[in-house]
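Please go over the structures that come below.
Shared between the two complexes below is chain A, which pairs with chain B and chain C, respectively.
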Partner chain A sequence: MNWGQWLLVSILLSSFIPGIIIFGLPEEKHRLRTVLNICGSIAKIALVLIMDIGVYFGHIFEIRLSIIPGVELLLNGDPLSALFATLSSVLWLLTTVYAVGYLEGSPNRSHFFGYFSLCVTVTIGIALAGNLVTFLLFYEMLTLTTYPLVIHRGTEKSQRAGGNYLIYAFSGGAAFLFAVVSLQTIVGPVDFSAAGFPSSFIESHGAALILIFILLIIGVGVKAALVPLHGWLPQAMVAPAPVSALLHAVAVVKAGAFGIIRIVLDVYGPQNLLLLGVLPLLGGVASITILYGSIRALQQDDLKRRLAFSTISQVSYIALGMSLADQPLAVIGGLVHLVHQGLMKITLFFCAGNLAETLGIHRISEMNGVARRMPFTMAAFSVGALGMIGIPPTVGFVSKWYLGLGGLAAGNWWVVAVLAVSSLLNACYFLPILTRAWFGKQQEPWPEEQYIGRFETRLMLLVPPLITAFIVIAAGVVANAQVSPLAWVRFIVRGYTL
Partner chain B sequence: MISAELQAMGHALFLSLVAGTPLLMAAACCTPMKKTVVHFLPLAAVPALVVAMTAPVGLVAEIGWFFMGGRMGLDEIGRIFLCLSGFIWLLASFSSRSMLKHNRNQTQYLFFFLTSMCGNFGLILARGLLGYYLFFALMSFAAYGLIIQKGTEKARKAGRIYLVLVMIGEVALFTALIILVYSTGSLAIDDIAGAVHQPLVFALLFIGFGVKIGALPLHGWMVPAYQEAPIPAAAALAGAMVNAGILGWLRFLPLGLTSYPQGGLFFIAAGALAAVYGVITGLYHKQAGAVLGCSSISQMGLITVIFGLGLVDHEAGLHATPVLILYVVHHSLTKSSLFFGYDLAASRGRILSHLQVSAILLPALALAGLPLTGGAIAKSAFKQLTVTLGEPWYGLSTFFLPITAMGTTMLMLHFICLLRDTEKRGNSERAGSGIIFTVSFIATAITLWLWPAAGFFVSNSLSWTKFWQALWPVAGGCLLFLAWRRFFIREKQTLDDVKKQTIFDIVLFRFGNLLQEKEWQTTQQGRFISYLSGFVPQLRRSEKIMGRWKVVGLSYLLLCLCMLFLLLRL
Partner chain C sequence: MTVFQFSSPAWMVCPVILPLIAGLLCFLFSHRTFAIALAAALTNLLVVCLLTGQLLVFGPMRCHMGGWQPPLGITLRTDGPALLMLLMTAVTGLAITLYARGYFSYRISDPRRAGRHQRQQRYFWPLWMLLLAGLNGLFLSNDVFNVYVTLELIGISAASLAALSGKPASLLASFRYLLVSLLGSLTYLFGIVFLYRSNGVLDLGLLQNLAANGLGIRTALVLMSVGLLLKTALFPLHFWLPPAHANALAPVSAILSALVVKGSFYMLFRFWFEIFPSTITQPTLNFMGTLGAVAVLWGAVQAIRQHRLKLMVAYSTVSQLGYLFIAFPLARVDGGIPVWSIVIFIALAHACAKSAMFMAAGTVFLHLGHDRIKDLSGVRASLPITVFAYGIAGVSLMGLPPSGGFVGKWLLLTASLGSSQWWWALVVITGSLLASIYVFRVMSRLFVIPEGFSLKKSEPHFRLLEWPALALALISLFLGLAASWPLHILVHGTTTLAQVFVGGLP
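This part shows the complex of A and B:
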């Protein structure tokens, strides 16, 4: 094995080993567990950064393991996997810090952090997967590792949500499995690096390939919460706030969206999809999801539920960008939103968690004047919310801008219309929260005020959202710089001949 | 080579200070340094004035990494706007400083005041589309914090209307920009000059910037906002921030390079309507700030008319630009000095003296175009423009201008009457409000006379015919006002009472909450909304159906069928 292969393995192990150790740790070894977690995630960030630099300079990272003839496991570090891996590992560190602060004193923490680490290992596996089979393997494992996190509270409600999640996820998984097998039978092994199978198959197997595409999208669409496959996501918000942050911004929903990207760009390839004519279908589903999610978000009074529907809507921007796969600008918009949405949404969930943990606030109607009590939390929340609306200079604007330009370049005016309406709807459900929190007057005491100390809440809960909110603005302001999510996405898109 | 780079960096830094100083101070007011910030508040506007006075025209600085390509620069129009805005913000800062000494809620006001200032200066210097949009958005959203500063129910409502309209404007602007950038392939403002052809972009730009200047269907925020915002903030809104809309039009539809007759007609029609509408509604308001808001709608209407005339063809555009700028300068100085006069009246513990009333009367009647004031110069410039353009514009203006002048006279007299009844804020006399008013009064009185670019119009306004043409509408307005006071005024009915529910309460903003609030269902509007939103329960139902086992089973069946099909094909 060369150093590149060792690197890939150690990226996976840097969260897997702490996870396994943590399972074995007794509950009260609080400090050791935290040290393990933090060291693991810092090591992972460092390793991923090394991989990023290697990828940038054209080094090839690859591990192949043949299971049976024709089926091999392939780990591969390409620019796209570097993007997702970097996002996941950075946000994992912040989420870990947050989770340590959030779960202080609650039961079953070893259990929780063990699965937490495994979950990130699997997510990184998804990022590094180099062919459909490997992707499928990690994708199914993701369901198994996130389920215990969803039902962590152990209440009846969370059991039900967890059950629903399993049903949805495995149904999608079944469709995905079948599609992968069928595709493999038709076009042979599908490596992502090939960027699409030869277009000669389209003439011979057109109808089947269309059907397989639909099944694949259904498979990943469950996790990406495309309407009508989104039902599990709003229910899963019963999970603790760090888990919601993980589900919405780092792991599950993102894995689904990442799957869509892989299928469109690497499995089929934009040219083949244009020939098959299925991209408008994806665009339609994405647009409906964007609008439907926003309209449903409007009706929620529960803060986390509103955020959940907002995720449904926002993640579909990625799908929308992919549905215009022949337009580089739209692809840039979609890819960069993978990062941008993660940053914004994790900020919002951190803040929602702070409100719930510190003041017992779960509903928007209880938020009157809360910014006077928790100014920093609400400042971070405001940045995230304004980003979601797409106000410059936040990152949300950058995504929207590229998606809109891509839509126009493709001659699809409706894309701009969808973006405009979605911005308005986002404003309709985020701005009232902000005005309520900043300018409303507190009418009754906070439901369960727990912590009154030097800062507005525990420092470990306060710092992560402040960091992500800062990145939300900074990554927007320096979008054009040499090092920024946008710059990396441009680097990715240069690798494809669109 | 290195010295050139250093020089470029120096320029960038020099220009960045204009918007950077207020922004840094806004950041500082969230720290314990708040007291210092209050003390040095007027300093925030100083770099803008320094740059406007000293920087050479054509100075451009590129900051490539900033927000998808930052480009700043100062051109001739930018210099005038920067000078004007810098001056008004400076006075507003002094005024705010004395206000904040008696105010507990300092941080909020300071923060939003300084960020609006940053946005306003930044957009003047922006030479890129995105830069303009960025600072425009910053200013628009920050101004919301100023409007609802008082925290009363009324202020909150004013803020709500404002926020809805700002959001609509933002989205319209976003769409317009994206289409512009797509069709020109450039992000620089200079490159899109004259590139606007599509009616859609025209309409979107009209909406996007029209919100800011209170163009007719989008004027709803202006009156309540001017009424509810603290007076120094209202002065900045009315004197400096509205101009961002005009500057936006000048930047994106540069007169002389754009010609679009139909669009011009639309601007003229909307502007003329606003000019009349503002005056008529203003007479029914009973609060001085609201009256000034109505007057702004009306005056901005006149400016919109000038802009529309400039859009008729290229030639007209070249003639219209100086007139437009003259009018903007005149309006901004006059309107802000009226607000500072209002501040004087509101902050004094006693009734205004006759001298003070007549001092406020001067800018008030200048707005109507009283001879020998800046207003007369601006009006004569307007008239001169229509003479240049020929018929039918000249004929129309001979009717239109006297009517609006009469209306404005009535409105301003109404304002002066209201000033005397303004409720006093405590007994303490606010330091400096007299000086601030005096400074702005002097600026209003002399600027247009001394301004080199206005030279031709100045001498033009001094002929006897012009003198008479300017005088009789004002005199007629005075008589009409006396008659109106005598016969028509009724104490009870004012627009403040009638307009309890504005349309914006109903539509859009509270849409989401509406669906849950039961009490809305009982009102007429609520029923209408719930009728409209009948699809919402259906959404909920469909959500439930999707979750049912039957559906899951059916989906499985479908899935199996698909798989069967695939197997057969393989």
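This part shows the complex of A and C:
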């Protein structure tokens, strides 16, 4: 094995080994557990950054392991996997810090952090997967490792949510498996590559390939919460806040969106999809999801549920970008939203968790004047919310700008219309929260004030959202610089002939 | 002495003789039973590894007992499938031996019923050794009548083991099991009579070369198949299995579900696809596939409906056995995957996963004193390793990657979609989904620690109960990643005729 292969393996092991050790740790060793967690996360970020640099300079990272004839496990570091891996590992460090603060003093922490670490391992595995079989492997393992986190509270309600999550996820996985095997029997083993499979298959197997594409999108669409496959997501809100942050911003929903990207760009390839004529279908589903999620978000009074429906809506921007796969600008918009949505949504969930953990606030109607009690938290929340609406100079604006440009370049006015309506709806469900929090008057005592100290809440809860909120603005301001999510996405798109 | 050289075929006598001797010793020295059995299980594993080495170096081998050539003498032979089954038996057997030790010493430590449990243990070890000898003999036999003898040995010792727990339900179930097993053996024996009358040979190698298609052979094949199917518990002949497996002692359940049903299936498969391939028509294969598909779905639905953990696991066996038969109609796919590798993978993965699951269920039973699914909450707090083992075994049964079950299902899917028989693929996928429901119905209970739950400390005996289950579960999980090893053994050892028949190896 050369150093690149060792690097890929150690990227996976840097969270897998701490996870396994943590499972064996007794409950009361919380300091050792925290040290292991944080060290693992930092090591992972360092290793992923080394990989990023290698990828930028054209080094090829690849591990192949043949299982049976025609089935290979392939780990592969290409620019796209570097994007997702970097996002996950950075946000993971912050979520870990946050989770340590959030779960202080609660039971079963070894169990929780063990699965937490396995979960990041699997997410990175999804990022590095180099073919459909490997992707499927990690995709199914993601379901298994997130399930214990969803039912962590152990209540009847969380068990029901967990059961529902499993039914959705496994059904999606089954559709995916069926599609992968079918595709493989038609075109042979498919590695993710910029070209997709040879277009000669389209003449002979056109109908089957369309069907397989739909099944594949259903398979990943369950996790990406495309309407009507989104039912599990709002229910899964019963999980602890760090888990919600993780499900929405980093791991599960993102894995689904990342799957859509891989299928469109690397399995089929934009040219083949244009020939098959299925892209408008994806665009339609994405648009419906965007509007439906926003409208449902409007109706929610529970803060976390509103954020959940907002996720459903926002993640579909990525699918929308992919449905215009022949337009480089739209593809840039979709890809960069993978990062931007993660940053914004994780900020919002951290803040919602702070409100619940510090003051017992779960409902928007309880938020009157909360910004005076928790100014930093609400400042971070406001940055995230404004980003979601798409106000410059936040990153949300950058994504929408590129998506809109791509839509115009393709001559699809409806894309711009969808974006405009969606932004309007975003404003409708976020701005009232902000006005309430900043300008409202506190009428009754906080539902359950739990923390009184020097800062507005525990430091470990306060710092992560401030950092992500800072990045939301900074990455928007320097979007055009040499080093930014946007710059990296441009580098990715240069690799495709669109 | 040339007998003890690496290349000597005489080694293959050991897997049969050693457990037999150990069984006799267990009768004689009833206070050293575990040591004797453990020694036998370990030596068995070593010898099987040696035989595998032999196979990889020299290819398939034959051993003529006492130097008599067939059709007069008794012949043993090794080839790829036989060795993989032997390996499966040796590995799970060793784990089950360790587990049984923990199981009995835990039960004997309970002063109320110590006498009864001691008696159970005294009978368990010799019977288990006899069963092991029978299984090894079955996999090595190269002669129809020897197969009959080993089938009887397996059937009688298995039924006696199932009766050990002594509860009325288990006595009834094991009695039924015994009758079914005897009926199966008798039918099989009738088949042999027909075979012998029409051909005058019993050696499998000689029968293979006959390739005759007369009425005698057909009748013989039907009778033998029905006998073996009865023992394999293919739907609708599965009625005896769930009560017998669920009411037995936990180590016995593991043995019955993981190994015993595989024995008769293995012989059936040999008869159909190696010895008399030309006699079998495609409609017959489709019919078997249909029965298998019904078994997969019916077994899984029944498993979902059970209220007791061990019954649930037993019905899951009915369902998983169905997958083996779905491979039948796909056997003649041109240029496809060798059908041996499909069934071997499913069988290996199921053996490891199912024995791990029965062990875990047994540990939970010992710990709580019951196995009602709705009252399982909080087990994770005291038995984390057992719950983990249950979960991993479940992953393999559901056929999620990277487990051995996944590779088996992948091969099935590829074969069925590659030959445009997509309905089998639908059954396979639906079966996996149903499996995920029954696995997680229990898992969600095991995982949750209710509020105000007081921790019941696990006792030191539990170490021998927990780790063998975890080891087997991990083997079934990583079997998928190491899939090239069993395939390598298979490729080395399949007889040429089978290779031609299944469409050639890549």
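Here is the rule we go by: the second predicted complex is superposed on the first by the 496 of 498 C-alpha atoms of A that agree within 3 Å, B and C clash if a C-alpha of one lies under 4 Å from a C-alpha of the other, contacts with A are read in each partner's own complex, and residues count from 1 in each chain.
We take it that a contact is a pair of C-beta atoms (placed from the backbone, for glycine too) under 8 Å apart; a residue touches a chain by one contact, two chains touch by 3 or more.
Note that the structure is predicted; figures quoted are calculated from it, not measured.
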item	value
Contacts of A:291 with chain B and chain C, given as first, second, both or neither	neither
First, second, both or neither for A:144, with chain B first and chain C second	second
First (chain B), second (chain C), both or neither touched by A:195	neither
Partner chain(s) touched by A:174 [first = chain B, second = chain C, both, neither]	both
First (chain B), second (chain C), both or neither touched by A:108	second
Which superposed partner A:210 touches (first chain B, second chain C, both, neither)	neither
More chain A residues in contact - chain B or chain C	B
First (chain B), second (chain C), both or neither touched by A:473	neither
First (chain B), second (chain C), both or neither touched by A:404	first
Touched partner set for A:49, first chain B, second chain C, both or neither	neither
Common interface positions of chain A, toward chain B and toward chain C	167, 171, 174, 178, 182, 185
In the complex with chain A, residue positions of chain C that touch it	337, 341, 380, 384, 391, 395, 398, 400-402, 407, 410-411, 413-414, 417-418, 425-426, 429-430, 432-433, 436-437, 440, 444, 447-451, 480-481, 483-484, 487, 506
Residue ranges of chain A in contact with chain B within the complex	164, 167, 171, 174-175, 178, 182, 185-186, 205, 207-208, 211-212, 214-215, 228, 231, 292, 295-299, 301, 386, 389-393, 398, 400-401, 404-405, 408-409, 416, 419-420, 423-424, 427-429, 431-432, 435, 438-439, 441, 476-482, 486
Touching residues (chain side chain B, partner chain A) in the complex	64-69, 130, 133-134, 137, 141, 145, 148, 151, 156, 159-160, 163, 167-168, 170-171, 174-175, 178-179, 181-182, 508-513, 515-516, 536, 539-540, 543, 546-547, 552, 555-556, 559, 562-563, 565-566, 569-570
Complex interface listing, chain A residues touching chain C	23, 65-71, 73, 107-108, 111, 133, 136-137, 140-141, 144, 147-148, 151, 154, 159, 162-163, 166-167, 170-171, 173-174, 177-178, 181-182, 184-185
